[in-house]
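Going in written order, the chains are labelled A, B, C and D, and every chain counts its residues from 1.
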Amino acid sequence: MNSIPLNTLGTPVEPPLQRIPAGIASLADYARQAQKHIEAHAWAHIESGAEQGLTLARNRAALERLLLLPEPLADLSRASTAQMLLGQRLEWPVLLAPVAYQRLAHPEGELAGARAAMAMRTAMVVSTLSSYSLEDIAQAACGAAAELGRRAPLWFQLYSQPERQHTLALVRRAEAAGYQALMWTVDASIKRSSYPLPAGVEAANLRGMPQARQTSDLMSEHILFGTPLAAQAPGWDELQWLRGQTQLPLIVKGILSPRAARRALELGADALVVSNHGGRVLDSAVSPVEVLADIRTAMGPDIPLLLDSGIRQGTDVFKALALGANAVMIGRPQFHGLAVAGMLGMAHMLHALRAEFELAMAQMGCARLDEISADSLRRTA
Amino acid sequence: MNSIPLNTLGTPVEPPLQRIPAGIASLADYARQAQKHIEAHAWAHIESGAEQGLTLARNRAALERLLLLPEPLADLSRASTAQMLLGQRLEWPVLLAPVAYQRLAHPEGELAGARAAMAMRTAMVVSTLSSYSLEDIAQAACGAAAELGRRAPLWFQLYSQPERQHTLALVRRAEAAGYQALMWTVDASIKRSSYPLPAGVEAANLRGMPQARQTSDLMSEHILFGTPLAAQAPGWDELQWLRGQTQLPLIVKGILSPRAARRALELGADALVVSNHGGRVLDSAVSPVEVLADIRTAMGPDIPLLLDSGIRQGTDVFKALALGANAVMIGRPQFHGLAVAGMLGMAHMLHALRAEFELAMAQMGCARLDEISADSLRRTA
Amino acid sequence: MNSIPLNTLGTPVEPPLQRIPAGIASLADYARQAQKHIEAHAWAHIESGAEQGLTLARNRAALERLLLLPEPLADLSRASTAQMLLGQRLEWPVLLAPVAYQRLAHPEGELAGARAAMAMRTAMVVSTLSSYSLEDIAQAACGAAAELGRRAPLWFQLYSQPERQHTLALVRRAEAAGYQALMWTVDASIKRSSYPLPAGVEAANLRGMPQARQTSDLMSEHILFGTPLAAQAPGWDELQWLRGQTQLPLIVKGILSPRAARRALELGADALVVSNHGGRVLDSAVSPVEVLADIRTAMGPDIPLLLDSGIRQGTDVFKALALGANAVMIGRPQFHGLAVAGMLGMAHMLHALRAEFELAMAQMGCARLDEISADSLRRTA
Amino acid sequence: MNSIPLNTLGTPVEPPLQRIPAGIASLADYARQAQKHIEAHAWAHIESGAEQGLTLARNRAALERLLLLPEPLADLSRASTAQMLLGQRLEWPVLLAPVAYQRLAHPEGELAGARAAMAMRTAMVVSTLSSYSLEDIAQAACGAAAELGRRAPLWFQLYSQPERQHTLALVRRAEAAGYQALMWTVDASIKRSSYPLPAGVEAANLRGMPQARQTSDLMSEHILFGTPLAAQAPGWDELQWLRGQTQLPLIVKGILSPRAARRALELGADALVVSNHGGRVLDSAVSPVEVLADIRTAMGPDIPLLLDSGIRQGTDVFKALALGANAVMIGRPQFHGLAVAGMLGMAHMLHALRAEFELAMAQMGCARLDEISADSLRRTA
């Protein structure tokens, strides 16, 4: 009966493409095409935002209301998009955000993503909730990078576990596998999802570790407050502890206020990600784009700031940098690229974004990243 | 022919569900599902706003344009949503607003609602226009509360009647039945509706009392002004009189200006409800969310302020408290919960809202209600 | 073939109703229902705005973004909507705006309108472009008013003709027929319409008078500038001349700036109508609601100001008065009322609007027109 | 199979009309009708904007949010729309913007356009990328102008070529063919399009000249930066060189900032076009209407400023002049006019726009272009 999985359009899920049709030239094109290749429930899970999706929509709206003031005729003969960030060379300022369970989009999941990232000279941040193990992903990335004669830029995203011994085990495994930075996520210790993972998809890194969950029993005295989930949620002391456990650069992800930014730095963070988790955790949360400039002002020019949530166009990347980010990360588009054509789709999606970003720099008269500033921005009235 | 009642989708009205499907997890889900279970004319009556529905839509828009600035990593180990209000303990800051004629949604109407409220530790405000008598509802509530070893938090909403003897009779009956507070509504003495109640649904508390109505005779000299309806509409003196008649806490519902708030307190009100009656009485009326902060500022920190009109998400509750409310009330969602699955639906709807509210507090870094403040809010540009 | 006229829904035009169904209770309901009763091209002509309809839409938007701050519990026992205006008693502050060719909506056209106006105690402003003669309309109005033991409040709207002798002839005929005021329209001397009047509909007052038209010949040297239409368009001197020709109160219609308002008064106008001609003459024109307060401030409290363009709800009337208008006029709703049910429809449409206005006053705590002020208004952010 | 070309409505492309139906009376009507007459891929190419079309939409929105404050009763007996610009008499302030490949819309392409422009007394700016040669177009224009006893107002738009010898060859050919001004475009040296021109349509002026293109090879080290396209893109030195090569008035097109405007004038430009290239080159670019007033203020009253991007109504022309433009240009509407009815369609489209503009001037109380000022404008709140 329902042995044939359907996509959200109501037609059978289509297999990944072997080559990219001419009509697919932007991340929006990828999103449209990907609908055909992803099963309906997985699609709903990937695309959804918290509650009514207000923040999900706002992430785009906040970017779209920023206008750009072009400057023609700049000298582009030595133009470049490269920079040094946390001791590593980034060829262009877009990273793959940590996203969970990429096998939902393609059987090769994070392995395909890692290979595409290496080919496109993009750093990948592997999720604690990856559907392949962090070791397998590192191996795939290093293999692909070696073939191209490059070093693999690989970071690991860390979710604190109910017990610190398990958190520490993840850190040690990431160090051993050659990851070059840790990105600790602080905005999703407590969230809500009723999506049951399909067969064959699991949190490969967490086998055997216990997980706390929100109570859904109608007659229970407690829902969240008063349960282990609230009691075990990490606090600021966790950051202090974590800082003492590793020499890797430590990036805190999920910051939206100058207050939290300041505290994270005081406790030893090396960099921050301004993010509302793609609109997935709190409906009505401000969009990173709306608070980034304040955080940059409060933190000064030197602390590395990344931004994610809502980046879909080359001009978005430009706007984020103009507001003070050093680089941005993209999340859902990874699923779209993978679903459309696996490693090839991911690579081509990244190529399209980079082409748009270079065009934006050219139109804006910027030949280097440090020429990008808020002088180029106007807010719509 | 039309012996089979149709819903607003044009299909036969479906009976209430016996269990809640997994896909129903929010008040918006309940609203969608309820459409199938409520007859079309009743649905139109329940969902409609005054005139063109501008204020109805504004109630949502005013909430949605408030943004939240999350703070991560707070200590939630002793988090709680409880408070004392008018001498009673409220487990969480949501009450059931007084809504008329709940038998429109379910045969057990207010009886099912009262039982669900007790189970979910929510206070219920029973309407003068309830479709079961205030005594029957009190009995259902007390029975359910006793089973759970709790006291029933029950308040009574009062509409002034054309003659004071009838108003007084309602007060005495509420006192006798054990209601613990009176909520006197001042914004709907004069309104307009052409919805004829279906057979079996009536204002159970008003049997035998006379009612004044607006003239609809085309050739009459007067429509509203110059008729008994205008002449008998209660004024501020009614509040003074009412205050002298009862020792119960007296809450005035339907306040939107600091001027009216001040006067109500001078005349003896113990608390206020900032409300535009769910957008049902004056199209273009301001939304409570837009005036709440001004009223809190004018009244000082101690007077209990409730807010209703438009609350549909956990973040809405948080926003109302951040603007100065002590608690909020929900109206139409009661119909949705009842229609979908009677007492079970009402209870689960409340559970979903409480879960969302606790998640909002957690994301906002608030472990107690008194940590919620306007510092967390941003208005959209 | 096309002997059966179709409405804009693509179905045959329906004859007027003989009684009003319960579902029709507002001007919006009338607009919806009227679509069925008016031929498609006539409908397009009646409903259209200039060019792309931006101003037409803005007329509603400008009203809708004004919010009202209700005040409960006012004493309404002696409430009234009456006032004196230009020496006449107006029972409530709504007049029938001058609209052309009412036979497009109903065979009895302005005759039915005049009778309904008298029944509903509304003043009617008869258009120069009426499809019955001004004398026939006056006779219908006086007959109806006499039956009800009232005096007929009738004003005449004047378009200047290419030659002053014809303009003067219209003035003399209006005086002779008993019209009590002249409303001279200044914003539509030059406009554009390609709607060919159907058989049996004509400008009954202008038989035998010459008319100037815009050139539509593609190869002509001139379109508007350089043609008789531009040369003969009336200027401010026309007002001075007109003032010298009649003792009737003279109202200038089509004012949107304090500058023009001031000049009109200097040249002898007794009152002004702030109007953009229902959005029919200049796309992107400001809406009267946006400029009314400035004009009131510039003119002082005594000069009578009317407003039209966009009034569709009782709260709209309240808002216009709060901004400084003495009364408002409605245009297109007249066609809707007539088309739905002739004189009965017009009367019932007016009754609905008056009921809404009285309810608005009651909710706003205003028992008399002079209690309505801008203190009640809030603008949306 | 697909030998019958389809339009974007999915029906066969219709041949051009021989006469204009009554229902086509505005540029919006032309756009709607043109959809039937243009092949789907060509339509998508013509109508599209950069990336997600944000700037394309903004060009309209920025115009639509400007409101006009009419002034009635002006003396129009000597009204005129004429002016002198760069030494030439313009009968009305609208020019045909340089648009590429007009054969996409009609077999006679630019030849029909040139003849229509002459008939309607509009200056035409011929594109470097015209689908007929600049010499053929000049011949068609001069022939048409001579028949009407007029001089042909013809300007040439110049794109810099990878090698200056080819750029100079275009300049010399334009001079030789009688073009009276050069408009050098600076905002599209680097852009992105994947539209393959259909058979029979080519850049007639560029036969034999080399063209640089963006790299689309996925595995290439470089996309734009580091390729010949970036290296050969013209800089400000190109303007200095160009100024030294010709005596024709030199207009720089594609300016959006006072900084670029100032530099262009310093290097010898005689006039500027404030333009975002119809939203085709940078998504999120500001709209010319938003920056025009700043540029006029910075440049002073004497430097000729043209504006394009988004002009579709007579009121748009008025608004642009009120903000400081001397004249405007229209782009896509040329395709619409040509596609609907060739030369006749182009001429009638221009006639409709001029009629709207004259009506706007009349309603605004302006009898001459120099009476148009920013005093007439209001911005929507």
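The rule we apply is simple: a contact is a pair of C-beta atoms (placed from the backbone, for glycine too) under 8 Å apart; a residue touches a chain by one contact, two chains touch by 3 or more.
Because the structure is a prediction, the values reported are computed rather than measured.
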{"item": "Chains touching both chain B and chain C, listed by label", "value": "none"}
{"item": "Equivalent interface positions on chain C and chain D, same or different at half", "value": "different"}
{"item": "Most remote chain, CA-based centroid, reference being chain A", "value": "C"}
{"item": "Equivalent-chain rotation between chain D and chain A, CA atoms, steps of 5 degrees", "value": "90"}
{"item": "Chain centre separation in whole Å, for chain B relative to chain A (CA means)", "value": "42"}
{"item": "Separation of chain B from chain D, taking each centre as the mean of its C-alpha atoms, in whole Å", "value": "59"}
{"item": "Set of chain D residues in contact with two or more other chains", "value": "none"}
{"item": "Inter-chain touch pairs (all)", "value": "A-B, A-D, B-C, C-D"}
{"item": "List of chain D residues in touch with chain A within their complex", "value": "51-52, 54, 58, 65, 186-187, 190-192, 194, 214, 216, 218-219, 223-226, 230-231, 233-236, 238-239, 254-257, 259-260, 276, 281-286, 290-291, 379"}
{"item": "Complex contact set, residues of chain D against chain C", "value": "22, 25-26, 28, 64, 66-77, 79-81, 119, 312-315, 319, 347-348, 351, 354-356, 358-364, 378, 380-381"}
